[in-house]
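Paired with subunit B in one complex and with subunit C in the other, subunit A is shared by the two complexes that follow.
Then we have the complex of A and B:
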């Protein structure tokens, strides 16, 4: 969903998010630097969170990070989250339920019995909806697509609401990277248990090529999933109990969402998708 | 807003985890289609029994079964006669203008015109709805303090006084629809590769406004305008700031030629955005046509 949301920004960005090139030593140092917030707010204080590391089973705190209040302390609009989730469930759903009307059901062209003289009710067809085996009135027809687009800023505010709720309910954790020392499944199991995460955990990185160990360790655990930041969406955030973002992912998510919340050409960009244009 | 958000987030801290199973839309925000069921489900749906009510063949609206209808008893008053031809000036208040400047959406150190206001993305005009530019309105006149050189298409006396009291200058200028089309989306216009058009003179019914010094018309005599500035200062009782002594005099005194549309660009020039060059006509005939 974030990918849909960020299509305009994508072309303008010089860096590529699909490969990890930096060496672990330099990235660890970079992760410890204090964050510089884009579009700092005059009225709201930044939220502070611990930067953790996945390299030990027990929680190891590295430093404190500041998160942008417009993204991580936004108004938790449950209704917008609901709308986002309904949209995500519906836009790709095509109903294949199908029924036949009285004219599509085989037979029934002949008047079953004379109009008068039998003392029976008058009927013109044995496939009338009154008959057993007759057609269905106003029944479902296949295929029925349920596609629609949610307005752009409802999608944006759905994301900020979901992130804010996750942080407020202590279900959001920031880690320096997704590097873990072993590719053993039990390592990640124990880590989640010892840190009181989950049970279901969504791990989000800024790039879509994840470190080998985490990929191997989470491969067989169905409720621990990996996701690149461009795939982050409201449904997955609520589907999983705990959301784990890498610092790179936090930077990327903030940059994209703040970019959309603060751009001044949104009217022109949205205009062409507007219905009922004069 | 931030207070409400913080309160809500604080409450959420002690509530069960928000998940797919416990969210809902705002109550009453969506109405489903209703299908009547139960005792009165298959009834007449409020349409009564038989007749015109049920079959919807009502009498035409206003018909009084034979009397001369009310709407035909009196002479027509053509309030909207020619409405589709009247020039419209969408309003922009001094309060909003001040806000744009305070929030750095407009650079007041340069002359402000329709182009710079539309480029904020906060104000737009649609030419096909007969919009002819900005009507600067007096809301916020008391607190207006930006010192600027602004060109609008319509301004009241109070607005002119508010701008001039703050040490700025204001001009009212007419743009024909072709010129406006170039101004509201400059990028699109330059990409089209057509020469910048020559601004047309105002239509006959607008000549009076745009030549009058009291309206600060762009066709008025500059000397008369400086007289009117003094007259207005005396009428509203403020000390007229001397713009001649101001350090920004050059900016404040800058005016467009009556045939010019963009500051710094003359009619007939072609702006090539890709090669970043401005092409100027050399042909004698063209020069003669585009000369003001």
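Then we have the complex of A and C:
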């Protein structure tokens, strides 16, 4: 009965989606401006990508954008990506496996048989690890947290490596905004199918308040996810087939990562999670 | 009375309690707090003057390492990287502090000295060959080296830091 009430509540109540903050006309104009790259490279040329639009189901290219080679054409360090993935899996993992030692198992206080005279091996307790039903030596204890902090610049280079790999494998698309004409789920489904974006898509915007239509359309599709730029991480990038960034998200991600790569006091961010410090 | 004669400080306790309000065994929090002796907050007004803001901005610390001011010659002997090196087959990227990423690594109880050159892009094998050709006349022993193309670094046995920096500066890097 409670379940029925829950279902009724779920279907009956209007869903509270987030609302749009900017008008599409102004955002489109801002998206068409050429980008000015900070810290230009002396050696590598900027990477060029198409700026696309989600207005139509079929692919519509607006202009060409230039991306910073230090972020989007970095050395694809799969070792750093592996370290990032393992860290993301492990820092939230708590092992609840538990065993009892010979002193925690019930009983076993009495000497099972006399020391001498029976021709049997000498034993002091039936809960000794040698016995069936005895305690476990150095067994797992619950809870065992696996939290640790990855060094700051391994996290930064993990992000640049993952972004570069996504771009090199043609799995990174840049759109002007996340505005779509309808809040129908079939629209975004067909769009992904016609553009060959693969089943799972991660849409990243610079702000966490997304346009209403895209939130409503992707709400029931579990493999199409929305994420603000501050939540971008290596695990999610690799989990989804295609990464779709808005123009604003590209600007923000590039600015943040370049800021960290050219930071004045990098010791401050590195020392924060250092162990064995006073 | 006996206690007073043995420990004369005991007589001063009531005075200290009056002054601070509470007595502790240690010196922790035994003196007055800074907020008690600081002057009262001053009155101020908020203005939006771009000229004044320039002076404020001058005081704000830099968050990123700034571009060096261009000069013909620097007193420290430091040389900036050349402007356009995109035609070269290989490239060594300067660090964020505009230095050549070439370091001396000492290990094994200070007995092993290796030179590490990092941030190499492009044809790393050609760079290794050219560095070895450059170092060979100055060393009578064969030069052993390790190339890690994946991570983009070269490790050379021995202390060749200044020689490699000289070699790269002459190439414009």
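The criterion applied here is as follows: the second predicted complex is superposed on the first by the 246 of 278 C-alpha atoms of A that agree within 3 Å, B and C clash if a C-alpha of one lies under 4 Å from a C-alpha of the other, contacts with A are read in each partner's own complex, and residues count from 1 in each chain.
Quick note on the criterion: a residue touches a chain if its C-beta (ideal position, glycine included) is under 8 Å from a C-beta of that chain, and two chains touch if they have at least 3 such contacts.
A quick note: this is a predicted structure, and the numbers were derived from the prediction, not measured.
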| item | value |
| --- | --- |
| Which superposed partner A:42 touches (first subunit B, second subunit C, both, neither) | second |
| Contacts of A:137 with subunit B and subunit C, given as first, second, both or neither | neither |
| First, second, both or neither for A:264, with subunit B first and subunit C second | both |
| Subunit B versus subunit C as contact partner of A:82, first or second or both or neither | first |
| Superposition-derived comparison: subunit B or subunit C, residues of subunit A touched | B |
| Partner chain(s) touched by A:149 [first = subunit B, second = subunit C, both, neither] | neither |
| Those residues of subunit A which subunit B touches in one complex and subunit C touches in the other | 43-44, 75, 79, 264, 266 |
| Partner subunit A, residues of subunit B touching it in the complex | 1-2, 4-6, 8-10, 12-13, 15, 17-20, 23-26, 29, 105, 120-122, 124, 126, 129 |
| Subunit C-facing residues of subunit A, complex | 41-45, 75, 77, 79, 259, 261-264, 266 |
| Contacting residues of subunit A [partner subunit B, same complex] | 43-44, 69, 73-76, 78-79, 81-83, 85-86, 164-165, 168-171, 235, 238-239, 241, 264-268, 278 |
| Residues on subunit C engaged by subunit A in the complex (per definition of touch) | 61-65, 81-86, 88, 91, 93, 96, 121-122, 150-152 |
